[in-house]
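Please go over the structures that come below.
Next, two complexes with chain A in common: one pairs it with chain B, the other with chain C.
Then we have the complex of A and B:
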């Protein structure tokens, strides 16, 4: 059995989200160093504020400013901060009930060590230097032993409210393709295409994924297929893909390699795009150092008969 | 669907259960390669073939391994041709079981295959789980799953509901019980370890690993044909709490209690409970919310502290509870599954064996 293949895989995307009126006011407030809550019909003040009452589901819009000082309701000491967390040095995660609020806000508390943190301790907001209308406009909380801050009674209406956030997300994985695909990729490095045969229906899958999707049984018998094959169907691509240096129009095709019972897909080159046809016989074109064929080109053989590939469409 | 509404309509049972050995990593296998032996094992237990199954439902999350549409590839292991009646939930497999149970209650199908799998090893699980949080106010802070559980643990300690010694005892009992569970990832005496996010130590946290599980449900006489002692589902219910942690009382679980009540758990005592409590402190919350007395055998499998294949660990609880009924080791068992931070969402199923 070949060694397990592994490769780094980064999944990264900016989530762009629009805000409801309450969220917009809250995050705009943070930009302006104002903390807003929302009042429920039974008189509780929720911070952070939400668009709908979590108990009654009523739409709530009654914004009220609360203090930037508050009380820790529970905490946890994080001695090894992870990527993206509010502070790079050890800190306490805290739920803080701000003065004037009935619920607690999750954030970080900058404190020298776990012995200095306790439930019930008084804290205040430390504002970020650069604020854009996001929860991270609060840099963190810090210990505070003064009087409760007095909110100024802000209406919650702003000149230039933020209407959306862009939240970047990145996760780093180590991808491993598993047994069947590892064998396929290893064979490709020798410019061989190796599929696997289902022991039940005898179909040869290329690329193999370890299971016959029709029969639900493992495939294990390795079968070398190709290198030549037949175009079963195709499309003409007229839109240039980002980061892809291929002149349009070009042809992308399903290709049934000789001996395979499943068509794989690839680009067709070496022939004008408007002359590609179903049944065209093709072979792979490798470039130096490549891990897979760059494209497929005509072999010059007579076209395959429709009946030879009709089951593979 | 509540127990009351279902009573007298159709009796549905868990008739077979199978699971992988849960491992720290399974990088030699793709998802379908990991899952397929479990599907074959659970079908073999009943003698059923895929084509005999009326409905198939699965639970998984592409975020775990970072593989888009992994659940469609996993379906290759079922053998879905001719086309089968199938559904998927982006949740723990216990919720897939709930969907399958309701499907059988309608009479549309007599048997169901439910499976779940999770590969946590390819990604940074603690960070991956932050992506399920409120994207406006919470996720941008990247509070990891251990940190949130630690906030709950501290709240319990502050309330006098537990202390670090009691939490360590839960960890030790779970991994001691797991010595009898060949599928467990962590078993026997394990050092309670250093603080991970204080007050939680490594021993208070579940192992990170990969695994899969599957059960078969059958209705009425079909269940008796397929299993000597079916585990009859007397009720299932699931409830969710507000997503904002600061709105909730973290020392209690009203959603678990309500789900248990609606599933009929409080009508008569259970002898066994399989609780999906990935962190020691969460067992404290659940024991209180579910009113489990000292006579109840809690997590004889070792629970999620012994093996926590994310997305499958809740279905494993239902499977383990059912398997004890199959083996005659329990007459009435409660199975619990959770989802989200700090026990945000909870499912409770009540299972019974025929009188002996």
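Then we have the complex of A and C:
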């Protein structure tokens, strides 16, 4: 059995986040070295602030400044900081209830080791040198044994408030296409297209998935299909898709390879785009080192009759 | 024991736009929910459970956003469920909520769906480069355009139909204050002259990308009796699924769509949808899907749907108005789009659709689909309570 393929898959995107009035004030405050909470209808102060009262569901907008000093309510030691975390050396994740707040804020505590951290310890904010209106404007917390800081009673209104942030996200996967697709991809490197036949309905799936989606049974019988096939339907692409280096216009087609029971997708070349038609007979054109055919071109055979491919659109 | 009848007593939506930069996601959903509560003249305390839906989390990059939205939707201390069935999710979400009422699990349920597409890029979210796989060569429209060509081949429809649908839907949108696109100077000539993106689909025959939310309050018979405005009554609702691709799949008229409609009609006692249903709000992200769904839903025989469009039957003043709100072609906050269809059907039978009201609409179908034409959800609502 051929080897099952594996490859890294990184998914990342710079999401944009519109903040709304409360998060806008909170993050703008951090830029100005002010920590803001919000007062609920029953008089509690929530830090970080939220837009809606978690008890009554009422909209809350009463912003209040709290101190930059506080108390650790619980913690966990992080032995191996990862990419993008607040500190590059081992640190404690802490929940800190700032003086004047009734809830705790999650952040990092810069401490020499886990034996120096305890619930109830006093800490204060260490501000980042460059602040832009983000939670990272608090670089981290640090141990502190002085008096509680006194908030100045900021109104929560700022000149030039931050209204949106960019929140980059990244996920690192190891992707495997599985047994059936690995066999299909391996065969493609010999320029052969190999599908699998369902033992129940006898349909040939290309690419194979290792199971028949209709019958729900495993497939194992390998069947070589093509290389020729029939264009079953298509569209003419007139706008460049992102990350695709193909000159427009070009034809994107569904192609039923001879012997396959459903169509796969490919580009049609070797013929003016406006002469491509349903039923056109085509064959793959390979380029050196490519995993898939670069495109398909006309074979010169007569067109397939509609009834021969109408179930394969 | 028979099912509890389900009534829609509150409907709320945001003004759909390309980017709501003034609100957070919480603020966006809150706005729709608040309007639905106001319409029903209810408060957060009257809600027993919340059922929320949206399309893939990659569309905003907030994983499981329902967790953070519990307080914005007054769900603290109550059951809150998330539904996800791709583009059909707004419809499925409403049906999950309706089933909770029908089963007498809850008396009054808030259901809501949203998308804030400006926070990400849906096309990116739908086409992550997967190792070893051949990239999709054509973008979203390119995925659907070959199916439109297959429909044209099968039905013999003239090229003009797609533009007629777009021209109609964009004019209907002008009567709907919540619609995203308000193209006041729209003409048929402008639609026909718009660039051909994925031949046979033109730019003006595609949907926009929107930020928006839609909410409904569903309740039981007792709740409906207290409603300050006429309720819409659910007469039938169903969902069906099938694989994205399989041997024998009919992408033009999927079997799951036919089966879903048949189930709804059976529940509602509809024998001839063309005669028994007054209007349809269906999920048409590319204009050619109007004639395709007219056939799939049984309003026309196979190959005949385009004739209804061409004859003007689906115009707002036709005998089978379709997409009175302006449809997905005019407004597309993806996760909310299905619920907007369901809500429009309810607005019509309540007589509350304003300028886009169809006179005498008594029974209206709401329809949603998603994925690679593989998830379907539909409901039929009426002005009168169901018979049984």
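In this section, the second predicted complex is superposed on the first by the 313 of 313 C-alpha atoms of A that agree within 3 Å, B and C clash if a C-alpha of one lies under 4 Å from a C-alpha of the other, contacts with A are read in each partner's own complex, and residues count from 1 in each chain.
Note that contacts are C-beta pairs under 8 Å (C-beta built on N, C-alpha and C of every residue); 3 or more make two chains touch, one makes a residue touch a chain.
The structure presented is a predicted model; accordingly, all values stated were derived computationally and were not measured.
Go through the superposed model and pick first if A:265 touches only chain B, second if only chain C, both, or neither.
Second partner only, chain C.
According to the stated criteria, A:57 is in contact with first (chain B), second (chain C), both, or neither; which is it?
The second partner, chain C, only.
Who does A:23 touch here: chain B (first), chain C (second), both, or neither?
A:23: touches chain B and chain C.
For A:83, select first, second, both or neither according to whether it touches chain B, chain C, the two together, or no partner.
First partner only.
A:106 in the overlay: touching chain B, chain C, both, or neither? Say first, second, both or neither.
So A:106 only meets chain B here.
Which residues form the common part of the chain A surface touched by chain B and by chain C?
The answer is residues 9, 11, 15, 17, 19, 23, 50, 54-55, 167, 169, 175, 177, 181, 212-214 of chain A.
Which positions of chain B touch chain A when the two form their complex?
Residue list for chain B touching chain A: 27-33, 36, 39-40, 50, 63, 65-67, 73, 75-81, 122-124, 126-128, 131, 135-144, 147-148, 150-155, 158, 195, 197-200, 242, 244-247, 250.
Enumerate the contact residues on chain A facing chain B in the complex.
Interface residues on chain A, with respect to chain B: 4, 6, 9, 11, 15, 17, 19, 23, 27, 46-48, 50, 54-55, 73-79, 82-86, 93, 95, 97, 103-108, 114, 119, 134-136, 165, 167, 169, 171-181, 209-218.
With touch defined as at the start, can you tell me which chain A residues reach chain C in the complex?
Chain A reaches chain C through residues 5, 7-9, 11, 13, 15-23, 50-57, 59, 163-164, 167, 169, 175, 177, 181, 185, 201, 203-205, 212-214, 232-239, 241-244, 246, 249, 252-254, 261-262, 265-267, 278, 291-292, 306, 310-311, 313.
Looking at the complex, which residues from chain C come into contact with chain A?
Residues 19-24, 26-27, 30, 44, 58, 60-61, 70-74, 76, 116, 118-121, 123-125, 128-139, 141-142, 145-150, 153-154, 195-201, 243, 245-249, 251-252.
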